[in-house]
Every structure is written in structure tokens, then in C-alpha cells.
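As C-alpha cells, here come the structures.
The two complexes that follow have chain A in common; it is paired with chain B in the first and with chain C in the second.
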Partner chain A sequence: MKIAVCVKQVPDMESKFTVVDNSRVDESQIAFKMNDFDEFAVEAALQIKEKLGGEVIIVSVGPERIVKDIRQAFAMGADWGIQVQDPQVDEGDSFVVASAINKAIEKIGGADLILTGVMSNDNQSALTGIMVADMMKLPHCTNVVKLEIGGDQKSLTINRELEGGLNEVVEMPLPAVLSIQSGINQPRYPTLPGIMKAKKKRLDVVKAGDIGLSEVGKAASKTELVKMFIPVSEHKAEIIQGDPKQAAAALVNKLKNEVKVI
Partner chain B sequence: MLELTAEQRDIKQAAREFAEKEFTDIARELDANEKFDDNIWKKAGELGFLGMFIEEKYGGAGLGHFEQCLVIEEFARVDTGIAQTMVAAYFGTQLIKLFGTEEQKQKYLPPVCAGKWRAGMASTEPDAGSDVAAITTTAVKNGDEYVISGNKMFISNANIADFLVVLCVTDPQNKKKHDRLSTIIVETDRPGYEANKLHGKLSIRCSDTGEVVLKDVHVPKENLVGKEGKGFYQLMDFFNRARLDGGGALAVGTAQGAFEKAVNHVKKRKAFGGPLGRLQIVQAKIAEMATLIEAGRSLLYRAAQKVDHGEVDHALIAMAKWYTCEIAVKVADEAIQLHGGYGILQEYNVEHYWRDAKVLEIFEGTKEVEKVLIGKSILGKV
Partner chain C sequence: MGKILVIAEHRNGKLSEGTLELCKVAKEIASATGNTPAAAVFAKDDSIAKELAQYIPEVLSAVDAKFEYYTADAYSQAIRAVVEGNDVKGVVIAHSYDGVDFAGKTAMAIGAGIVSGVNKFEAKDGKVIFTRNIFNGKLQEQRSAKTDKFVVTVEKGAWDKEPSGSAGAVNSVAVSVGEVRTKVKEVIETTKGAVDISQAKVIIAGGRGTKDADKYKATVIALAQKLNGEYGASRAVVDAGWTDHARQIGQSGKTVSPDLYIGVGISGAIQHVAGMKSAKCIVAVNKDPEAPIFNIATYGIVGDLFEVVPAMLEELNK
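Entry: the complex of A and B
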């Protein structure tokens, strides 16, 4: 089975975030890592490969620095990868990134199964997987917490996580695009031999032009970033004073009518 | 020279991730109860972190002592005790790698690298620590066997190792004290092997340390590592490797871990109208700690890389061992100081770095002994 896994690099959320020009984060102070949800997707792909054979291909869009995380996926056991490294693509929004992924997967001759994380730790838009599926005209399923490939390798049985801990079981045909939810598995650590092999694995680095992607950057984006800022958090505590009985009554009143929690 | 390659960065990163995810939640409990969780050791073996300097054909990674240092440093950054148990798991394999026979390498190295067997090295005795050549444990040749008798003290893994490489007297009549000794592998399931756990340690409490009693333990003569009579010199060659990760890297990681706790704290803790970090004396302390760590790390990395390039500079290694372990104590001490009263509370998770740092100045060659080595190498025989 040919499985493509989309891997994004995101800031480590422990990093220091400073917004510059009301539009971007100062990257010099940020440590980057693989998107958590994508780690689950890589693991899911590796488990399928272990069971059914085939290959796991990492598809990634972003600058030079993301190679470190592609190599991490290689060290975990992925076979090879394709990276769209083009500043013009990076300037675009999720739609442009999804277009690049779509074209990159086309370039590698398509895949039987395409996995993405359910969302990215940084933007949390949860859009990429859905858009890729739409562009590829493939069935799609989000919030996947369990997945099983049918004996004929032409269909899938999937558990989707719903609100309140409910699961929904879905059957769908292959090829398909799935957005993987955290907790579906326990991503493996890269092994030392894996790390040593990773540097020899094939990584095709391409530009938008190489994969036939003509519309890039802000022009091709469907959204516009108006302003980025860190909201001021306000810690307000109100102390109700006076006679305990009256204070208690005032508190109950507030909880009931103002905050509406009782 | 000290820039890491992409692969070395990946290894360091992988070790950090492993330590943060696997050690953090259980380290304090293991320390408090003098217990260990074997799953961590097994996982580390499966991932290839144990005995990375051992050739691939014997189950290692065929990398250098430097890469092993990078990993142990990351482990110690989270918890020195757990990191030391990892070092202890392959402690002694350096001797087999350097001087062992092909059969010994095939038999003893792969299971250690895989996290299936634990090794150990027993030199210290109740009455012979720094003065290695004063040991009295004897190994008497008897046909195809050695019969070993004596007591060993402070032996890491004494109660849990599968085998120990034991320093014994094989030629008591030799005029030169240093030529009387040999290193011999003793499997711990042999009749006559007994060990007792030492409790109540200040440092590395989750790591097993014990006394060993050897009562007429019979081992085949094939268990001799290297040459008879060369045990002392082989042990010195061994320490020139083992001191790097088992001393220096543990120390740099310990200092780094304590330092990061201090940095976090002084950014958050408020006094005199702002965070502590705004006070210049606090800044000076942070600057000094950072510089000490950087200096220690540079010294260690250089000493380790030289060994991997085939140049064993024993004075440089001794400098690295002494200096890194001393600064680990200093940095951990300042880290507590910067926490004020909170620093001595277990809950604040910084006091253990200081407790653990202390033993680093003692084992693998005390700091005094390291200085003796450095002094001798500079001054020669005066």
C-alpha cells in the first residue's frame, strides 16, 4: 500500500512568541518541531505498512528548516519524501499549502491512502486534509481515532471521535484522505539505527513550478491575514464584602444571573 | 570542531525527547523509593542508546564516545539518577571492546546493547578505592579455571548485573604492584557470588549500588579480559573512555538541567517590583552558570572527540572529568540558591540536581585523583 503522510513543522509551544509588524511571529526565538498530530499520522502509516507492506512517503511544504522533521519521520521508518520548498508557497494560506500538497502527491503518482494530522498545533484551522481531499476528489474523514484496512485493501473501517467521547464507525472506499486525531496510537521514538539510516533516504525537493503549481502566494490565497496580536489577559477578581449573609446572597445572584453557571 | 553534524543533532534531539517523555513523570518517585523501572532501560536498549560506541557487528551503533556523551547529557538533564543507570547498564563493556576476545565480544556485547543484559565493572574494595593497585581480591588459576575470592564495594549494578568485569590480583608475587592485576568476567549467577544493596544514598538513589562478596567463584579461564598482569593498565584505558559519558556527560547534563530550572524561576518569581531576573546580581549568577556549563561542555566534547579520532589525551580527559563534575555541583548549588526557600523543597524539582551532582565528584575517579593525573602529566616525574 502506498501511503502519503503530510507533515508540517510547527513552533514548539514552549517557545517565546513575539509578534512583529502585527503580522508574523519572530522566528529567531522559536524552536521548531513536528506537528504533534502529524506524528500520530506517521505512526498510523507505519503500522499499516508493517501489516500490509508498501511504502510510506512524507509530503511536506515549507522552508529548509523543516528537513529536520522530515528526517525524524524517516528515522521513525518512513521510506522517502517530497518537500515543496518555495518561499512563494509559504506566503500563501492553507488553501495554497493544500494546493501544493495536492500537486506534490500528483507528482509522486498519487497514493492509496493519504494521512494528515487533524490540525496543526499553531494555526489550528483543521483545513488542510479536507481541502486536499476535495482537490483530489477523494472521500475524506476527520478525527480518526481507529482505522482498519479491509481484507481486499480497497476499503476502510474507521472510528471517528465525536463530542462527548462518542465514536462513529464509518466505512469508506480507498483511496481516501484521513485526518488523524491524537491518541489513535503511541508514536514510536526514532531509533538510533533509524536516525543513521534517515540521512541516506531520498528526499525530492521541488519548487511550485516543478509540480505544476502556478497560483501561489497571497494572490492565490482564499483568506487574508488582517492582524496578528497577543491578546492581553486580564486577571480580575471581585471581592464581595460586607455582612456574610448578604455577601453570600450577592454571590449566588451573580453566579445565577451574571455568569449563569448555576 | 565543536559544531554538531545534522545526525548528531538528531541523536541529541531523539535522546532529549525520550528522556523528557519517559523520565519526567517517574524520576522523583524512583529517587524517593530507591527503585528503578526496568522498562526505561529496556526501551533505551531497543532504541540503540546503550553502548553506542560498540561496533555494529556486536550490536552497537558503531558511533563514537562523543555521540554516547550527547545522549547521556540529555538523559542527565532530566534526571541524573536514571541517566546513571543507563551508563551503568553498559559499564565495563568498554573493557571488552578494547581488550576482549572475539568470542567475548560476540557473547557479552550484543545483549547489553539490546537492553537485555546489564553489565558492571568492579574495581573498588572496602580498603582500596582511589588506590586501585591496593586491591586484594584474588583470582587463582586452577587448571582451566580461575577461582576468585574477595570483597568489592560500591559496585554499580551489583544486585542486578548479569556479569561484572572484576579487577583481581593474579600475580601477587610480582615485584611491581601494578603488574599483579587482571580483569576477569564474572557472571553473577555463578555459585559463590553474593551482593547486598547499599541503601540511603545521597545521590543517584534509583541506581543500584552494592557490596559484592566473591567466595571461591569458579570462572573458566576464557573469562580473562586482555592479558594477565595488564589489568591495571587496561583499567586506566577503560577509564579514559568511561569517564567521558559516565563522568563528564552526566555532569554537563545535570548542570544544564539545574540551570534551566533556575532560568525559569528567576523569570517568574517577583521581588522588589519585578522578576528576579531583572536584578543584576541575579543576572550575574545566570551568566556565570551559563559560562561554566559552556566551558565544561567544550572541554568534554573536545576530550571525547579526540578519543574518537584515535588520540587518547588522558590529561585532557581528567581535566574534563574534574571540571565538569565540579561545575555541576556549583551550578546546581546556585540553582537552589536562586530558588530561595523553594529550592530545598522536593516539589520544586531542583534539589535533586545538587544531591546527584555530588557523587559525580567521587566516582569514576575523584576530583583529587583527576588533578593528580593532570599534574603528573604536566610535570612528569619531579
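Entry: the complex of A and C
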């Protein structure tokens, strides 16, 4: 089975963020990593490959720095990848990124199954994968927490997570696009031989023009950013000062004697 | 005048509470942009449409056996038909599991720009500008659609529920739904028979910051036991297998409202906060002073939980 996994690189969310020009994050102080949800998608793809054979191809959109995390997916066991490295694409919104992924998957000759994470930690839209499915005219399912491929390899049975501890069991045909929820598996750590092999694996780096994507950037976007900013909360917690012992004692005292909840 | 159209959300014949929040949003956007609020209900009969008419002046009701279960294919086709047959300026959808599943496809079907997870809006120069959380709530952005129509998904709890009023009109609309490629087999409860922490008066919840199963036990579980409370967890802790899914607090887990909630090593992602923000007293212990949880907490300690929690246990032992 030919499986494409969409992988995005995101900042470590514990970073201190500074906004530049009301429109972007100052990247100089930030460490980047693979989007959490995408690690589960890569692992899900590798488990299917181990069971049924085939190949796992990483599809990624973004600047040069992303190569580190594509190689991490290679080290986990993915076979090869394609990266759309084009600043014009990066300026676009979810629709433009979805268009680039659609064309990149077309470039690799399509896939039997396309996996994404549920959402990215930075943009939090949870839209891109669904748009890719629509562009490819494929069915999709989001928030997948269990996944079984039918014996004929032409269908899927899926548990889709719902609110309040419910799961919906869904059947659908292949090819399909699935967004993988965290917790579906335990993503493996790359092994040392895996890391060595990853360095030599094939990564096709393409620009929008190479994959037949003519309209990119802000012009092709369907939404526009007005501004990005650090929110000012109307409420702030009363921060209890002091070293851990003092703070803990003061907190326990408040909870016992002021709020009277313990 | 065009319509700002709510897509009603329902399951097992029951309208979701979030839909009433969407009615409020649609009413406010309609009023700010000179449009009218309306809702569309896709169901196997018109009982939900009649119920929803108490909250919004016009309900468009499409009845079809294919709407017995929610599917993205049926919903996006139906919304497209309603948008083509009516002057719809904006489509308002819940940022829920179902809502997010069909919103992107709907935007594609009607060629509209989509902004997801919005919690505020302002109308300016004929445009509706939406505010949404990004970067795990540490940043926000304002974004608007460039297209003549917009689609938004609305963060749960960002607006109050619209109160019921005089009954609005229920107008039936014909939509023909073609191929539906996903088939719903059943809905199952994953935490049946497991512990129920939703009624506990004191809950100590641990997050990713607790590091591993042993440390989660030594801090979160120990503190919960000391305070005769229950222990809970954020998604990351359950994903990692340090505790059971039944103890997960948030959108996909339990909703709790204890007298005291102590979040330990929890950043306060919106999905978690959705499940505990109504707690009476919220305490946060986190080493990151900018963690969003401090924006909803009553008391906070900025520090290393592996120093703070043992100090609390020691204090409680005195």
C-alpha cells in the first residue's frame, strides 16, 4: 500500500513568542520540531506498511529548516519524501497549502491512503487535510483513533473520536484522507541505524512551478491575515510568590483558610 | 438582505447546546452587517427544526433519511444546495468534532474562505474580521475571508447561549443528496463502566509536564489522595498511557466543575480548558509564566512542579 503522510514543522509551544510586523513570529529564538499529531500519523503509516507492505512517503510544505523533521520521519522508517520549498506557497493560507499538497501528491503518482495529523500546533485550523481530500475528490475522516484496513485493501473501518468519550465507527472506501488523532499509537523513537539510513533517503525538493501550481501566495489565498498579536487576558491568576516551599505553604493556607475548599 | 446561516448540530434527536451559541453569533453578525440570522437543520424529520425555531427567526429544514447520521458528504452537499438557493453571506458552524469534519469541505463546496475556531468578531468596512487562537493560545490572529461569502467554525463557550423567544418560521427546503461515501456503523462509549470523576469536589489534574507515569503518580495521584479528591489528566497524559481515558478532562473526555481544581504541568490548551473552566477555584502550577492556564486560574504558582508539589504535600502533612 502506498501511503502519503503530510508532515509539518512547528515551533516548540513552550517557546517565548514575539510578534514581528503584526504578522509573523520572530523565529530567531525558537526551536522547531515535528508537529505532535503528525508523529502519530507517521507511526500509523509505518504500522500499516509493516503489516501489508508498500511504501511510506512524507509530503511536506515549508522552508529549508523542515528537512530536519522530514529526516526524522525517515529515521522512524518512512521511505522517501517530497518537500514543496517555496516562499510563495508559505505566504498562502490553508487553502494554498492544501493546493500545494494536492499537487505534490499528484506529482508522486497519487497514494492509496493519505494521513495527516488532526491539526497543527501553531495554526490550529484543522482544515488543510480536509481541503486536500476535497481537491483530490476523495472521502475523508477526521480524528481517527483506530484504523483497520479491509482484507481487500479497498476499504477502511475507522473509529472517529467524538465529544465526551464517544467513538463513531465508520466504514469508507480507499483511497481516502484521514486525520490522525494523538493517542492512536505510541510513536517510535528513531533508532541509530534508522538515523544513519535516513541521511541517504530520497527527498525531492520542488517549487510551486515544478508541480504545476500556478497560483500561490496571498493572491491565491481565500482568507487574509489582518494582524497577529499577543492576547491580553482580562483575567490573570493571583501569582503566589516565593520559593517553592513558601509558595506551597501560602497556597495551602489560602485554600484552607480563605477559599475553604480543603 | 442576505442570511447568516447557522448549521444546526444534533445527535440522537437532540440539539447540541453549542447550536444555541451559534444562534447568538449569527444574530450578532447579522445585526452588525445588515443581514438576517437563519439556521439550517438537516435531519430525518423536522422535530429539531421546530425546536430550533424558538431561538432564531428562520429555520430552513431539509428532511432526508440520509441525515439520520452525520456525514461530511451529505452535510456539504446539503449546505451547498441551501447556499445556492438562498442569499447566504456567511455560514456559521460549531468548532466541534462534527463541525470541523464538514466545515472545510463546505468552504470548498461553496468556494468561500474559511476561518476556524473563532472567538470574537468585528464588522469593519463591509468585512467581518474574526479573532482566533493560534500557537496553543499564546498568540491570536485576526483573519477575514477574501471571498464574498465566509465560513466560520466557532469556539465552544466563546458566546453565551441564545435564550428562547417567540417561535420563528420553519421553511422546508428540498436538497437532493447524492453519493455518501462514509457509512456510520455505530456509536460506542469508550469509558463505559470506568471511574466517573465528573462529580468529584476536588480534582488534581496532571499534564505533559509531569514527565512520566511514575512521576505523575508521585505528584498528581499523591496530591489527589492527600486531599481526598480524584486525579485527572490532560490528553497528553492519557495518550502516553500514564492513566486511563476515563480520567481525561476536556473536549474528548469529561467535563468537570469541582470546588477545587489544581492543574499541575498543564499548559491550558483550549480543548482541556473546555472541560474544567467552570471549576469554582482553579489553581495552576506551571513553569511557563505564559502558559494560557494562568489566564483562567484563580491562583498560580510559577515554578517547577517537582519542587512545588512535594512542598505542598509536606505542608499538608503538618
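Methods note: the second predicted complex is superposed on the first by the 233 of 262 C-alpha atoms of A that agree within 3 Å, B and C clash if a C-alpha of one lies under 4 Å from a C-alpha of the other, contacts with A are read in each partner's own complex, and residues count from 1 in each chain.
In this text, a contact is a pair of C-beta atoms (placed from the backbone, for glycine too) under 8 Å apart; a residue touches a chain by one contact, two chains touch by 3 or more.
Not measured: the values here are computed from a predicted model.
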item: Partner chain(s) touched by A:75 [first = chain B, second = chain C, both, neither]; value: first
item: Chain B versus chain C as contact partner of A:195, first or second or both or neither; value: first
item: Touched partner set for A:168, first chain B, second chain C, both or neither; value: second
item: Between chain B and chain C, more extensive residue contact with chain A; value: C
item: Complex contact set, residues of chain A against chain C; value: 11, 13-14, 16-17, 19, 25, 93-95, 121-128, 130-131, 133-135, 139-143, 157, 159-173, 182-183, 186, 221-231, 233, 235-240, 244-245, 247-249, 251-252, 254-255, 259, 261-262
item: Residue numbers on chain B that touch chain A, as the complex places them; value: 6-7, 9-11, 13-14, 17-18, 21, 43, 46-49, 52, 61, 63
item: Contacting residues of chain A [partner chain B, same complex]; value: 68, 71-72, 75, 189-193, 195-196, 198-199
item: Complex contact set, residues of chain C against chain A; value: 69, 72-73, 96-98, 100-101, 103-105, 107-109, 112-117, 129, 132-147, 181-191, 201-202, 227, 235-236, 238-241, 245-246, 248, 251-255, 259-260, 267, 280-284, 288-290, 294-304, 307-309, 311-312, 314-316
